[in-house]
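Two complexes, one shared chain (subunit A), two partners (subunit B, subunit C).
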Partner chain A sequence: MLELAIGIILGCCALGAGLAMIAGIGPGIGEGNAVAKACEAIGRQPECKGDVTTTMLMGCAIAETTGLYALVIAILLIFVAPGLLVDVLMKTIG
Partner chain B sequence: MKKVNETVKKETLYIAAFTVIFSVIAEAVFLILGRWDLTVLLGNLFSAFVAVLNFFLMGITVQHAVEKDEKGAASLMKMSQSLRTVFLFAAAAVGVMLPCFNTVAVIVTLFFPRVAIMIRPLVDKFSQGGKKDE
Partner chain C sequence: MNKRNVGFYIVDGIYLAMAILPILFGIAVKVLFTPLSEGIAISGARIFFSLDMPIQPLIVTESQLNSLIVMITLLGICLYLTHGLSVRYPTRRQHLAEWLVEKSEKMTFSNMGEGFSGFPPLIAAILGLSALSSLLSLFGLYPPTSDINVVSGWAITVFALITYYKFKCGPVYYLKSFGDPVPLLAPLNIISEIATPVSMAFRHYGNVLSGAVISVLVATGLDGLWGIIMGWLPSPLSEMAFIRIGIPAVLSVYFDLFSGCLQAYIFAMLAMLYISSGYPRDEHMKRKNKKQINKKTA
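Up next is the complex of A and B:
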């Protein structure tokens, strides 16, 4: 029974980490679209290249943070949460 | 190999400077809370290096992407983002797993570039205000 409970905890943590990483898809698509539009803008007004690059860099860094949140959640679920939850289970059982 | 763009250099320096400032503040907070030890410092340094390197790599990718056509730029950016996510995952996993790094210090420091960007308008406002005064 205990093995089953630990197995469920580990399985759910892994599943949660996998689900959290779905959020990593968004920033890639968003950054790709942003850079594509920036290329278009630079093509129209080449003299604005510096300004466009600066704004785009900052925008990409902000977009990437959403992926980073997911990454941190996934890492915590994989490396930290199983140990904590198994400890709680052991204490509850006694 | 192409030279690194001045804009990328400037922005990376800005991010690096603010990451260092925030790292010092984080160390001070750990010290005040009475939880400071060498693992906090090591975790902070490791994570700050990873965060700045990630931003720099993104800058290099953007520099290459703006010279391509729309489709090529989008696909290059998507590929770069995926690779950098894997790099960040590996680095954060190392930071969390190794006992010589403090987990909280490693994770919190990864978000410092975002905070630096958030306060960017304020910094710009102050620097422009200073120039106007001169």
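Up next is the complex of A and C:
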């Protein structure tokens, strides 16, 4: 019974981490859009390449934030949560 | 005259040693404290020892040691670059130092505007500390920026500065700014205020850590691949995994060199933007002018 409970904890943590990383789609689309527009802008006006590039990198960094929240959740689920949950389980069983 | 005696070179040597020796020390500590049995593993910062303190034990970890290494190295580099400055006969290193100062001043003033003349040293310090911390992984050391506690410290510092500049027009104006544009949105404004340091810390830490995790996964994956393809060879050859030479280096160029420097730049840039956008410039200028006029009339 204990093995089953620990197995469920580990499996659900891994599943949750995988599901959390679905959030990676959003930043991918967003950054793709940003870079596409930046390429267009540089093509139209090559002399302002430096400004456009720095602004684009900043925008990409901001757009990445949601993805990184998901990444942190996934990392917590993989490396931290199983230990904590197994500890809780052991305490309740005694 | 541009004459140099022995003392000058001795001091030069001390500064260079200050820049190089800490990294060698870090590598030595890493070699001494890593158990032989440990293969490739994704692990957090190693805990060296913990001291008993009244509230909770003070834990000394690898990330603290490596931050100190980076600080001493950076101090050594700065002292070396600014050693023997002269107005008449500038040396090559003086040109480099001047270029660095000019660059940081130009960057700060173009992004923050007026009223922030004291900021270039802080921004340059954040940039140098962050970049060098991430680049420390090139020496095989644990990069302190992949520990959330280190980056949170920087983010909290920046948050304190943001709040200080928001307080420039008094606490009433600061509290009023939460009810902008409608008082109904105050909770959301408070959440976004707290989210600023959190997102700054997560962004930097997440990027560096994800790079490290992917590098380790690729290294173990290549190890396994070699075992599948070349497992039929006699025993020393089948465990050597020559495939691991070279391919992780390509990833390292992106994750260690490019991403590390880019994250440092983004952290400094965001700090500047948040601080300068939090400062109520017009209102502050108006009050200052009013005070001056009052003083003149009185």
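Assume the second predicted complex is superposed on the first by the 94 of 94 C-alpha atoms of A that agree within 3 Å, B and C clash if a C-alpha of one lies under 4 Å from a C-alpha of the other, contacts with A are read in each partner's own complex, and residues count from 1 in each chain.
Please note the rule applied: contacts are C-beta pairs under 8 Å (C-beta built on N, C-alpha and C of every residue); 3 or more make two chains touch, one makes a residue touch a chain.
Given the structure is predicted, the values throughout are model-derived calculations rather than measurements.
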{"item": "Joint occupancy of subunit A by subunit B and subunit C, clash or fit", "value": "clash"}
{"item": "Contacts of A:C48 with subunit B and subunit C, given as first, second, both or neither", "value": "neither"}
{"item": "Per-residue contact with subunit A, leading partner among subunit C and subunit B", "value": "B"}
{"item": "Contacts of A:V72 with subunit B and subunit C, given as first, second, both or neither", "value": "both"}
{"item": "Subunit B versus subunit C as contact partner of A:I29, first or second or both or neither", "value": "first"}
{"item": "First (subunit B), second (subunit C), both or neither touched by A:M90", "value": "neither"}
{"item": "Contacts of A:C39 with subunit B and subunit C, given as first, second, both or neither", "value": "first"}
{"item": "Which superposed partner A:M56 touches (first subunit B, second subunit C, both, neither)", "value": "first"}
{"item": "Superposition clash, subunit C versus subunit B, among 9-17, 171-179, 243-251 or 261-269", "value": "261-269"}
{"item": "Footprint overlap on subunit A, where subunit B in one structure and subunit C in the other make contact", "value": "54, 57-58, 61, 64-65, 68, 71-72, 75, 79"}
{"item": "Residue numbers on subunit B that touch subunit A, as the complex places them", "value": "5-8, 11, 15, 55, 58-59, 62-63, 65-66, 68-71, 73-78, 81-82, 84-85, 88-89, 92-93, 96-97, 103, 107, 110-111, 113-114, 117, 120"}
{"item": "In the complex with subunit C, residue positions of subunit A that touch it", "value": "54, 57-58, 61, 64-65, 68-69, 71-72, 75, 79"}
{"item": "Parts of subunit C lying in touch with subunit A, wherever the complex brings them together", "value": "42, 44, 199, 202-203, 205-207, 209-210, 213, 262, 265-266, 269-270, 273"}
{"item": "Subunit B contact footprint on subunit A (complex, rising order)", "value": "24, 27-29, 31-40, 42, 49-50, 52-54, 56-58, 60-62, 64-65, 67-68, 71-72, 74-76, 78-80"}
